[in-house]
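Note that the chains take the letters A, B, C and D in the order they are written out, and that residue 1 is the start of every chain.
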Amino acid sequence: MKELITPCLTPFLPNGDVDFPALTSLVKKLDESGVTGIFPLGSTGVFPWLTLEEKKEIMRCVRNNTDKPVYCGVGSTSIAESIQLSVFAEDCGCEFAVLTPPYYMPPDEEGMKEFLLGVMGKSNVNFFLYNIPQFTGSRIQPALLDELIQAVPNLSGIKDSSGDMRYFSRLVSLRKDNFRVLQGQDDLLLPSLAVGGDGGVCGLSNFSDSAVRILESFLAGDVPKAAEINEHTILPLMDALNSSNFPSGYYYAYYLINRLKGGYRPPMHAPPEESAAKIRESVKSLVLSK
Amino acid sequence: MKELITPCLTPFLPNGDVDFPALTSLVKKLDESGVTGIFPLGSTGVFPWLTLEEKKEIMRCVRNNTDKPVYCGVGSTSIAESIQLSVFAEDCGCEFAVLTPPYYMPPDEEGMKEFLLGVMGKSNVNFFLYNIPQFTGSRIQPALLDELIQAVPNLSGIKDSSGDMRYFSRLVSLRKDNFRVLQGQDDLLLPSLAVGGDGGVCGLSNFSDSAVRILESFLAGDVPKAAEINEHTILPLMDALNSSNFPSGYYYAYYLINRLKGGYRPPMHAPPEESAAKIRESVKSLVLSK
Amino acid sequence: MKELITPCLTPFLPNGDVDFPALTSLVKKLDESGVTGIFPLGSTGVFPWLTLEEKKEIMRCVRNNTDKPVYCGVGSTSIAESIQLSVFAEDCGCEFAVLTPPYYMPPDEEGMKEFLLGVMGKSNVNFFLYNIPQFTGSRIQPALLDELIQAVPNLSGIKDSSGDMRYFSRLVSLRKDNFRVLQGQDDLLLPSLAVGGDGGVCGLSNFSDSAVRILESFLAGDVPKAAEINEHTILPLMDALNSSNFPSGYYYAYYLINRLKGGYRPPMHAPPEESAAKIRESVKSLVLSK
Amino acid sequence: MKELITPCLTPFLPNGDVDFPALTSLVKKLDESGVTGIFPLGSTGVFPWLTLEEKKEIMRCVRNNTDKPVYCGVGSTSIAESIQLSVFAEDCGCEFAVLTPPYYMPPDEEGMKEFLLGVMGKSNVNFFLYNIPQFTGSRIQPALLDELIQAVPNLSGIKDSSGDMRYFSRLVSLRKDNFRVLQGQDDLLLPSLAVGGDGGVCGLSNFSDSAVRILESFLAGDVPKAAEINEHTILPLMDALNSSNFPSGYYYAYYLINRLKGGYRPPMHAPPEESAAKIRESVKSLVLSK
């Protein structure tokens, strides 16, 4: 079975506070959509811009509004805080905790291993690792991943958002029955499925069914159809959204489509007008089709 | 129709001179293989380590020993030399000249455009562009490529060796009837076909039919079979070869399989023993199956 | 007047807890040394590996054990937490709060500005900015700094740890009477003084007086003497310490010199033996001279 | 004795041909200026954009028009061509050949060593190495340099244009009586002198005496005066010139000051107007003072 998971946004009010009613509504909508799981507190959910208390409240809110599996981000630079979030995820019934290597000062391989083992050993929740070297400054090397798979019974998979398909292919060759390898970039979902990946965590699925349709076409054996959706829907949409500093374009599009006033927690801010215009144009078809 | 082109090696004698008998033999073997074209004087052919006269002699040698289309590298930091090589390629009957943007000091976009237009305007041969930013220090931006496609009637395609599938996907969305987009990394051939690319330029095809078999499986609609060849043949082979500084592992493997003493032109040199042992192990099945 | 500030370590017990008695002792020693200020909760103090409560307790401990100016790190990815730490720094009597741009997802310039202004507008403590792009992923551009200097009356300086002397020189050309530009790399202290910088924040000053002696020689007009200390004391010491992943070498040396058992908070861990041997050798003269 | 060497431009005619009368005039002017040597065929002289024949003619032209030491660039990706240029440099009486590691595909350390030794062993001219990793893709490591200094009697020095002062300091600690370490970035000349470097190769000295004046102030013991020239003359001038893609700003300024029509060899081209305006403004004082 292949996965298509939504890294859900953290909606904000115009004053920068978390908008829990909007989050509730988003989660309920996702619960009825074609996605197979919901992932709060990822990068798209701007987890580092949030306080510990906000993170817990968001976790509870998502858990309480869906029956789908919840993959909850527990990343932090503090090992104590990552442990606390993992235990909390387990306690409130999330199926998976998604763990980022520590960022700011990049650890060496031994330090990364100690940190990851230190967190995973302190709770019984199932874990996903989250590789995103462009933000953490370090990469989970295939050899280390292999070692962790052997050593940690509750390690269930990895989400790779590096954008590096050559690296992703090496991860795929490490997968096991109970260990899945997911792609974190929407525009690499199709290539990732082609090389044997287990699915994707797709930011566009917050407001578009394009990734779900790619997966369906691929599973139906229709690669050209999947390629067509990739080329004509995913690529232009992503290019418009990413014309603004990540992930502000996703927030702008989401607010627009859901007719929310919406706000931005600094350092995130509203896209500059040139980018905003591109995004409005690109989501027109999505808004109309709602 | 999809392409599978071999970026052919430049065999050397132990003293570092070009080994033309070995090159002749290699080209004849490729001519009888499943590949659709031969590309001398690419990065795998270590074109920058060669003199102008050697480049011309290699071009002639390849042209004279195959009936398949010849894609001949004409890259140089000197515009005069790139023009001279293109004219020579045309005169000796190569179907395509493959042009690299100038390297060493990375040009800005306007400078890259002037250089490329300056070369392509001086001969009637058909051109491929060659994007390999890890070596040239600059990338052919999709917007510039689009402009060049419109402006240059004899521009027939691009080979992208950046390793960046997200970029490659954007190139694919620019392709036309007479403009093809080829993947330059063997381990990205399958994902590239999946998103609609026109084929690959695959270094392993100097001594392995794995890339050809991936293409055949893909064209037959058997993506899982292609994925299996990718995972179990291409990935381990590439990882072994690239354990030595590129492209020395390819030369070592080629010499081994073809029972040649072989040499290396500085700064290329024989792989260190640890890497050599990996390569010997990884090509064992290839040698046995010959 | 030139500054020489110590970015003080956060000593740990073998079990990974903060060792407050050791910190107290370190601060008292620095208070009696030739340095002009103490900077807890910088990168050398591994601030991201600590919890919010630990940060506050460290701040209090440093403040209570020195009469020298305290420059206290208030960096966080959460604007709320950076504000909270700044207010706390003000309340407990620190002279300066040292503010890092948000890390993990690199902000664009507008977002960085909003974040920095948002924090600096919420307390009356004097601020230093802290530029360390190798860890934060983004650089405080000279144009933005210039704008902030004009706009923020309580902005007193910047510490640049980028290691980029060309950039540092540009910052120096922006300095004002009440705005100082400090170098964050020990081995760039002397060049920084030469181009007009206001001093340095020097990690080695946790256990060596070499940086203080460079400053004294420079102020006495003896550049060759300063160059000699730089070449024969600073460089070999730094190279030994940095043979282990930053900043573990500093901790190992500190524990050794102060005869502490000492521990490491993950992802930091004890240097591997090869590096540890280098460090032991390099600090021999320091230990003997104590 | 400290050195101040001019990496001289290669003037072009509007049609892109080398302008030998202008080159002759430039060299004669430098011969009468305060610089201690002339370095044709460096990066500022756009050596990679030239043909082999042009390089030889330029070498002869410079040699014939100055009595100062000539440091002649002999860089190439082809070892045969670098050898040929070194021998030519020796034959036409240049004091030094300046050798770049091979570029395009970055060699590993062993390959770089074989290439450099292979060239330096084939002529009796004295050699300088030229470290410029931003263009060659690889760095001459201090350990390799140390090994080469021991092994090659005719190795006289290194020019470091990396812009990395921390690395430069390590090179300085390797210098010997007959081995000099020169800074290749004008805005790092002063810091380099401060840490014990032997001088600089300064592009601005093609048309400005600012670098010479910094050296004179430093040698006279007046560091603040040197810092003032650095801050108020070198930095604004470099920032204006580098607002256009390197090294086109240097050419534009040179043509302007010398009232030449002047041209650009692709991929170099005239600065865009916004940059050109900045350069005109910045060189006004230089033009008036001529």
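Criterion: a contact is a pair of C-beta atoms (placed from the backbone, for glycine too) under 8 Å apart; a residue touches a chain by one contact, two chains touch by 3 or more.
It should be emphasised that the depicted structure is a prediction, and the values quoted were computed from it without experimental measurement.
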| item | value |
| --- | --- |
| Greatest separation from subunit A - chain, by CA centre | D |
| Higher-contact pair (C-beta pairs counted), C-D versus A-C | A-C |
| Subunit A-subunit C separation of Cα centroids, rounded to whole Å | 34 |
| Touching two or more other chains - residues of subunit B | none |
| Interchain contacts (touch definition) - all pairs | A-B, A-C, B-D, C-D |
| Complex contacts: residues of subunit B adjacent to subunit A | 163-166, 169-170, 172-173, 185, 187-188, 190-196, 221, 223-224, 226-227, 230-231, 235, 239 |
| For the subunit D and subunit B complex, residues of the former touching the latter | 43, 46, 48-52, 77-81, 101-108, 110-112, 114-115, 118, 135-137, 245-247, 265-269, 272 |
